[in-house]
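What follows is a set of structures to go through.
Each of the next two complexes has chain A plus one other chain: chain B in the first, chain C in the second.
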Partner chain A sequence: MDLTEQQIERYSRHILLQQVGYEGQLKIAQGKVLIIGAGGLGAPAALYLAAAGVGTIGIIDADVVDITNLQRQVIHHTPDIGVPKVTSAANKIAEINPDVRVIQYHSWFNPDNALQIISDYDFIIDGTDNFPTKFLINDACVMVGKAFSHGGILRFEGQTFTHIPGTACYRCIFPKVPPKNLVPTCSQAGVLGSIAGMLGTIQATEALKYILGIGDLLTNKLLVFNALNMQFRTVPVKKNDNCPVCGTNPSITELVMEEQAVCELKTK
Partner chain B sequence: MKITVNGEAKQYEQAVVTVADLLVLEQVASPEMVSVQQNGDFVATEQFETTLIHDGDEIDFLFFMGGGSIPDFSNI
Partner chain C sequence: MIHTIDITKEHCPMTFVKTKIKLAQIAQGDLLEVTLKAGEPLENVPRSAAEQGFIVLETKQLHDDVYQVTIQK
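Right after this comes the complex of A and B.
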């Protein structure tokens, strides 16, 4: 595989970087990233990964664009209201960068499709809001040895870490899904739209670093920030021997959608 | 007693004896939902009441945080 002259020009600011270069850009072009949830986190992640020239971007989301999404889900525009999020996202990616192959999954990520879908990708971005899916992504990635980026936002705060095989996973930190309504979600408590951009672009950066094999990933550490005072903190976290999925004696050996919901405002 | 809580040096007049006491003093909402690290090691929720805190300990509270595909709950 070679880059065309036009591609060399398009990616020149990457190629100039000593840690990327021509070879690195080729790695990006061959990279495959799955974005689970084309929402607040998935939107900025998808935009930057597309612009960066990631060869294959998979997007899974069964939802359609809603007017309340537009405050932060920057890949979706006003005329997209009512359009499936995967379609809306794929259209924008095609406009940004025709080099990118987009694979759309207009469905929910669930225990039946999880392993098959993630097996096609190098890196997975968790852009979901609900805890059962966050735990499912974690368990599926741990079971098949995939790298992923966890992301969470609420009000003015965000948290993220990266898992690669052998490092702390989500369940090392939070062993089980929280019960309904004990943890507020963004739709109950609100979120400053730009927080989603801050966090989603960190996740995209981790994906690019992983593909390139450069720098230090956010493994074995949880990055937390509060945008009100703009303080960032990295909390070291250890792989937990008692972890129910990656510990020495795991109790979770197959994928399940654990516990129904954080809150159910409407049903589908 | 001096403890570092979430990276911040804190001094307590009160006797902070256990992790559960500290969660009360720090007015942590839904303490059963918080992950606690003491000097870098996780404390199991069921051991909050019995895990003693020592002068100079570094304690981190880690909270659940959702994410991006919001506010439609139909994807749950």
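Right after this comes the complex of A and C.
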């Protein structure tokens, strides 16, 4: 595989980097990233990964674009209201970078399709807004041995970590889904739109580092930030031998969607 | 082995991008003779090459404002 003259110009700012170079750009072009949720986190992640020239981007989301999404889900524009998010995202990616192959999954990520879908990708980005799916992504990635980036945002805060096989997983840190109604979803609690961009772009950066094999990933540490005082902290976390999914004697051996409080705003 | 590249028609930063790609394609220890213009390219290309771990062996004037820089991978 070679880059065309036009691609060399397009990716020149990557090629200039010592840690990327021509070979690195070829790795990016061969990279396959799955984005679960084309929302606040998935939107900026998809935009930057597309611009970076990631060869294959899979996007899974069953929703259609709603006017309330536009404050932070920057891949969707006003004329996209009512359009499936995967279609809207794929259209923008095609405009940004026709080199990218987009695979659309217009459905929810669930225990029936999880393993099959993730098996086609190198790296998975959790851009979901609910705990049951976050746990499902974790469990599926641990079972198949895939690297993923966890991300969550609320109000003015964000948190993220990266898992690769052998490092702490989401259940090592949070063993189970929080009790019903204890933790509000974004739509109940509000979120500053730009926070989504801050976190989604960190996730995209982790995906690129993983594909390139450079730097230190956010493994065995949880990055948390509060945008009100703009403080970032990294909290060390450990792989737990008693983890229900990645421990030495796991109790979770098949995928299930755990229950969580239904968001009241969405059921109105 | 000695390879050549002419970047006199390129502008920053494509001058170094093209040089870097050529360097990526040649074998370790091989030489690359880069033909470039005086001014920005002559100042920046050898400096960038050295920064990224290549060895700048020689710079010579070919004619007028055209120079040749020899870089070893």
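The rule we apply is simple: the second predicted complex is superposed on the first by the 259 of 268 C-alpha atoms of A that agree within 3 Å, B and C clash if a C-alpha of one lies under 4 Å from a C-alpha of the other, contacts with A are read in each partner's own complex, and residues count from 1 in each chain.
Simple rule for what comes next: contacts are C-beta pairs under 8 Å (C-beta built on N, C-alpha and C of every residue); 3 or more make two chains touch, one makes a residue touch a chain.
Model, not experiment: these values are computed from the prediction.
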Mind working out whether A:Gly39 is in touch with chain B, chain C, both or neither, as first, second, both or neither?
first
Pick one for A:Gly200: touches chain B only (first), chain C only (second), both, or neither.
first
Which of the two partners, first being chain B and second being chain C, lies in contact with A:Gln30: first, second, both, or neither?
neither
Of the two partners chain B and chain C, indicate the one touching more residues belonging to chain A.
B
Give one of first, second, both or neither to describe whether A:Ile8 is in contact with chain B, with chain C, with both, or with none.
second
Thinking of the overlay built on chain A, is A:Ser119 touched by chain B (first), by chain C (second), by both, or by neither?
neither
Should A:Lys134 be classified as contacting the first partner (chain B), the second (chain C), both, or neither?
first
How about chain C: which of its residues touch chain A in the complex?
13-14, 16-18, 20-21, 24-25, 48, 51-53
Hey, which residues of chain A end up touching chain B in the complex?
37-43, 61-63, 66, 68-69, 73, 108, 126-134, 151-154, 157-159, 172-174, 178, 182-183, 185-187, 191, 196, 199-200, 222, 224, 233, 235-238, 240, 242, 260-268
Chain C-touching residues of chain A, taken from the complex the two chains share:
8-9, 12-13, 15-16, 18, 21-23
For the complex, give me every residue of chain B touching chain A.
6-7, 30, 33, 35, 37, 40-42, 44, 60, 62-76
